[in-house]
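Take a look at the structures listed below.
Next, two complexes with subunit A in common: one pairs it with subunit B, the other with subunit C.
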Partner chain A sequence: MRKITDSWKIELVLLVRNFWTWIFLLLALVSVGLQFNSRLQLFDPGGALISTAFIIQGGIFVSMILGLSLVQRESVTSSNEMFYVLPNGYSSKIVGKCLALLTAIIVFIILSVMILYFLFWKFGVPYLFYWKSFIYLSLYWGTSFWISGIIGMIIGSYVKSRIAYPLLVFIWIFIGPLNSPVIKNFMAIFNTDLTPIGNFINLGQTDPYTPYDPVYGLPMEIHRWLQKGIWVISVTFIFLTITVLKSYRKPVFTVLILSGLLILNLPLVLLFNKEEQVIRTGYEANAVRNYDRNYYTQNTKPSFENSDSFIIESYEIDLKSFRNVTAQVKIKGKPIRTTEKLIFTLYHQLRIKSVTDENNVELSFKQVGDQILVSFPVPLKSNEHTTIVFNYEGISSPYFYANDQAVMLPAYFPWLPISGSYQAMKAEGSELIRYPLYPRNPTKYILRYSGPEPLFTNLQKKNTSVWTGQVPNGISLVAGMMTETRVGQTKVCYPVSLYKMIDTTPLYLKKVQNIAKNVNTDLNIQKSFDVSRIFFLSVPDESNLIPSNIWNLEDHLIIGINQMYNEGDLLNYDITIVPAILSSLVKNHNMINQREEIKSLFIASYAYWYGLKHNSSIENERPILVRMLDYYQNTKLNKEASVTKEILKLIDNNKTNQLFLQAFFRDWLGRLDQNHQLNWNDILELEEAAKSGDTKVTEHF
Partner chain B sequence: MEILKLRNISKNYGNFPALQNVSLEIVSGMFGLLGPNGAGKTTLMRILTTLIPATTGKISFRNIDWGKPQEVRQMIGYLPQKFSLYKHIKVREALNHIAVLKGLQSNREKLVDSVIEKVNLTGQKDKRIGQLSGGMIRRVGIAQAILGEPPIIIVDEPTAGLDPEERIRFRKMLRQLGKESIVIISTHIVEDIEATCDQAAILHKGKLLAHGDLNSLSEIAKGKIWDMSVPLDEYYCISEKWNVISSHRISDMYRLRILSDTPPNGANPTVPSLEDGYLYLMECAS
Partner chain C sequence: MRKKIIFSVIAAILLLANSAFAVTSSATITSNMTGANGAEYSMTNYIDNSGQNYASSTNTLWVELYRAVDGPDQRVNGSLVAINGSTSWRDTVSTGIYYIHLDPDGPFYTGCNGWGKAVD
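Showing the complex of A and B:
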């Protein structure tokens, strides 16, 4: 032991006395500090860490060079043979070098953490980030630098010439975040998906360009720890084998070490291969930006014809969110009519394992895509109370995740089986539309949950793991980098990283309540806009044309945000509030069939009129309707452009005629709320009818 | 008397035989390994220091077999030909570190100071290695080799790169060491062996040509070495006809030493030196 500690000490003394150590350390810390600072100035503490992907790439290289120079130090000073001839000299020196490498990494991380903590303190970042960032740096910096250092040592043990350097550069390109653009080229050449390999060998984050997700937090799923674990064990054991072989020349030791490698790695490999939801933000097929869009582009229609024949009265849910989702959901309800088959909708990656009745008798079922067809041995009578138990497991959507790190399952996403046959989403152009897929009637819920804590939901908490309640439009669950506060009478659940945004929430709440009231009055919408419970969630945008970041679920609102909301006052950006509120008020079952561009035109037109009426347009800011017109004109979508132009003209010409425009928009909304899918000609006809005074006013929702 | 025994040591690098059936018995004192480049000296030294294993054969000392390198390393002090240490470390720190690696527990600091004194580096003990001259570094090398008083000290090319003054000092030091341990030096400089060793072995192309005390090795060339003086203008003519192994200019004459089975005209037989024996063996071998 003394030999090892003395070797360690000597290596440290050598590092400390080396001029270049201080130069490198200084440069590294300055660049780290500047990088942290640049993101924290934008009030993006998560981004401060995630944006260090390229620092990790640099750190990997420096660690490899450090490893190489540590192991070749004796060769350079012509003392390697002398140390080798000392009893246990070589092995003691090698262990000392490994400890020195580890010390250097730890010191660097501690200094970086100190800089980070100072900046966190300066920018008022919440305390949760202090701890999370330390874990993040341990995972992505600590283990990565260790692995790279050991790789440098392995190369240095065998390659004594200068070829070691190009070899290290070659390896370096592939084991860091830089590998994704390189691998993309290989994929193009070989026409094969190499992303799983690329991700596995990448010691940094999988996508260096990804913005920080305020709900999901820093990507630190178990999968990533296992990946690093396999790497750490593998390179350490390989290096150990080399050392023992060189030092003791006993093949039996090598066999023992390699057996140890297998024994330690085998469970990790098995665990690694177990199903887990890992949020991929790159270009791979299962990445957030690709998976659902590809799936719903190819799967546009439900597998079974819709038959809303079952009214769900209650859910009893046992939900476990660990590496994937496992759930047992007991549904009580009654059929509307006598039937022997019921259809439910459930997101397709949540695979049904069994369906049983209340007596635990297996029911036959068929799960195809997002639908489940359950067959009963005896027909269910109309209004007969029925219990169905679904057992399922799987990976949720990359947009609406649930794993060991975070949960974001909004009420409108079918993570619970709901009655009817629907697609969970609809891909339309580059947009991915979500439907209001929740029970349409007040439903009782009992939720027993185990997973990331704390959990926030629109149910009442009964004890540490049970929530209950009756809610009008489904339940939303969220856990992750979240916290809760009260703003007046409103309970607000928001990401910890949006610590600045929360200060602007009181004004926002006041605004939305006022605007929602005006919209309801203008359009005669009966749907309530309850702000007693709000979830600020990083749900993805649904439309490229209009702001649609609000989901009104009557007992709670889900407001889509991203980390940029923490900088400035994006929440109170007036131009987006009216369309967002209107889009939330018109998201209902009947409008599912309407085309998004027609709905968007309606929302943008109303928002335009609202801006004129309330004089709330922003100077130098073009209204959304005008921007839509520009877009259609620029993309030569002539029909769309001409209709939009006509609507714009109609509003401009009648802007003082409040009753006329009110009737016009109510008529339009009434037509949207029908099963008939409107097209551009229908809108033109509507406009013509309005001009000729032939509008129908209906009551909606 | 303790004997280091080498029995039929061979070493092959692939199909190339670097050493072939070398058997030696080395007793306490100074022992020289002599041979031209490629003779197998370095290979033999590396085998003796456990840096590489022999392909076949057996080496033993004090009932310890070279198949157990960790035990052998307890008995060996080694100074490689190219030796230095970390230039940012002070002499005393470096030697103390090596003493720890050698497992010296008690009186370590005293031992370190005593070897520093032995190699005459007391004035430099707090200097960094990078500040020392080549000769001083060589002395640090000897200091580390003798730390812990190992019974076998192996020194590869001991005087390579040293200036004449340092070389003389270094040889003296080695001579001292030979009183207490087996000191094996490997060199192609015959003078090093003559100045320091009691016994020597001559290697050529991996084969042991001869071994024994220096006199017996010199005697191998007895009756083959001739001495003659020639005018300057005859030197080139003579050197083309005979194997001149050394020449010294004395005023307007050359005094030549010639290796030959038959005496050249006007030459007198002379007492052969180790170099003569060595050169004679080399000529015979090739």
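Showing the complex of A and C:
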């Protein structure tokens, strides 16, 4: 043991006395500080960490060179033979070198953490980030630099010539974040998807270009720890084998060490291959931007015909969110008419394992896509209370995740079985739109939950793991880098990283309440807009054409945000608020089934009128309707352009005639709310009818 | 004092000129290219993004808005455009340097003829 500690001390002394050690350390810490500072100036603490891909890539190289130089030091001075003749000399020297490598990595990380903490303190970053960033740096920097250093030692042990350097450069390209642009070339040449291999050998961030997700937080899923674990065990044992072979030359030891490698790695490999939701943001088929879009482009219609004949009265949910989602959901309800088959909708990656009745008798079922057809041995009588228990497990949508680090399951996404036959999403052109899928009647819920905490939901908390309540439009669950506060009477759940945005929330709440009241009056909409409970979540926008980041679920609002909301006052950016509120108030099934351009034209037109009426148009800011017209004209979409122009003209010509425009918009909304898809000619007819004074006014929603 | 007034007038003119003309980052792509970037401009609040993938293309095209920052640039948003299709979307952004990026779908693929632009 003493030999090892002496060796370790000597290696450290040699490192400290080396001029280049200090130069490298200084340069590295300066670049680390500058990088952290640049993102913190944008009030993006998460971004400060995930943007360190270049630092990791550089750190991997430096660690490899350090490992190589440590192991070759004695060869360079021709003193290595001496250690072979000493009892345990070579092995003690090598262990000392490994400890020196580890010490150098730890010192570098501690110094980086000190710089980061100082900047966090300077920019007022919440305390949760202090702890999370330390874990993040341990995972992405610590393990990566250790693995790289050992690889450098392995190469240094065998390759004594200068060829070791190009060899290290070659390995370096593939084991860091740089590997994705390099591997892409191979994929293009061989026309095969090498992304899983690329991701596995990449020790750094898998997609450095993706912005920080304020709800999901820093990507540190169990999968990533296991990947690093397999790497650490493999390279360490390979290096041990080499060391033992060199110092003892006994094959028995080698066999023992290699067996240790297999035994220790086996459980990690088995766990690594278990199902887990890992959020991918690159080009992979299962990446956020690809998976659902591809699926719903190919699967446009439900597998079974809609039979909306079962009213759900209550849900009793046992939900576990760990690496994937497992749930037992007991549904109580009654069929509207006598039936022997019921159809439910559940996101297709949540696979049903069993369906039983209240007596635990198995019911036959068929799950195809987002639908489940449940058959009963004897027909259910009309209005007869029935209990159905679903057991399911799987991976949620990449947009609405649930794993060991975060949960974001909004009420409108079918993570619970709902009555009827629907698709969870609709792909239209380049857009992906979510259907508003939740029980549309007050429903009782009992939720027993285990997973990342604290959990935020629109139910009442009963004890540490049970939530209950009756809600009008389903339940939303959120956990991750989230916190909760009160703004006046409003309970606000928001991401910790949006610590500056929260200061702008009181003004925003005042604005949205006022605008929602005006919109309801103008369009005679009967839907409430309750701001008593708000969730700021990184949910996707529902339209490319108009701002649509609000979901109104009557007892709670979900407001879509991203990390940029912490930088400027984007929450109170007026041009987006009216369309977002109107879009949230008219989101129903008929409206969703309307073509996106037609629906957006209505919302943008109303927002344009609202701006004129309330003098709320912003100076030098073109209204959305005008922007839409510009786009249609520029892309020579003549029909779209001419209809948009006509509507714009109609509003401009009648801007002083409030009653006329009110009737016009009410009529338009009434037609959108019918089960008939409008086209551009219908809009022109509507406009003509308005001009001739033939408008029908109805009550909506 | 006179100098100050002159400088203030010049600054005001420059500011007005800047706000009066919308800045545009645009890029075009041809079938042998693996990607194209538009020029970087300072933009704020509301950016109109659009793009087109011509009928002569053999691949779908990602039109993406990027923010130029220290370290790896940030992909703000993107839209996949089918062959012979077009796209348009808006992003609400904080003040920063942005550019449009065109990227044929799939890993490092080519085969797209089209354009994209981001207008502040």
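Note that in this section the second predicted complex is superposed on the first by the 701 of 701 C-alpha atoms of A that agree within 3 Å, B and C clash if a C-alpha of one lies under 4 Å from a C-alpha of the other, contacts with A are read in each partner's own complex, and residues count from 1 in each chain.
The rule is short, and it goes like this: contacts are C-beta pairs under 8 Å (C-beta built on N, C-alpha and C of every residue); 3 or more make two chains touch, one makes a residue touch a chain.
Bear in mind that the values here come from a model prediction, so they are computed numbers and not experimental data.
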item: Fit or clash - subunit C, subunit B, common subunit A; value: fit
item: Degrees between the directions from subunit A toward subunit B and toward subunit C, using C-alpha centres, nearest 10; value: 90
item: More subunit A residues in contact [subunit B versus subunit C]; value: C
item: Which superposed partner A:R224 touches (first subunit B, second subunit C, both, neither); value: neither
item: Partner chain(s) touched by A:N544 [first = subunit B, second = subunit C, both, neither]; value: second
item: Touched partner set for A:Q35, first subunit B, second subunit C, both or neither; value: second
item: Touched partner set for A:T195, first subunit B, second subunit C, both or neither; value: second
item: Partner chain in contact with A:I10 - subunit B first, subunit C second, else both or neither; value: first
item: Contacts of A:S92 with subunit B and subunit C, given as first, second, both or neither; value: first
item: Touching partner for A:Y209 - first (subunit B), second (subunit C), both, neither; value: second
item: Which of subunit B and subunit C A:E567 touches, first, second, both or neither; value: second
item: Subunit C versus subunit B - closest C-alpha approach in the superposed model, Å; value: 36
item: Common interface residues of subunit A - those touching subunit B in one complex and subunit C in the other; value: none
item: Residues of subunit A that touch subunit B when the two form their complex; value: 2-3, 6-7, 10, 13-14, 17-18, 73, 77-79, 81-89, 92-93, 248-249
item: For the subunit C and subunit A complex, residues of the former touching the latter; value: 19-20, 44-46, 48, 50, 52, 66, 69-76, 78-82, 85-90, 92-96, 106-110
item: Complex contacts: residues of subunit A adjacent to subunit C; value: 34-35, 38-39, 42, 47, 51-54, 181, 183-185, 187-188, 193, 195, 208-211, 283, 289, 293, 429-431, 544-547, 564, 567-568, 570, 573, 575-576, 620-621, 624, 627-628, 630-631, 634-635, 637
item: Complex contact set, residues of subunit B against subunit A; value: 49-51, 53, 69-71, 73-74, 76, 78-80, 82-89, 93, 97-98, 100-103, 105, 141, 144-145
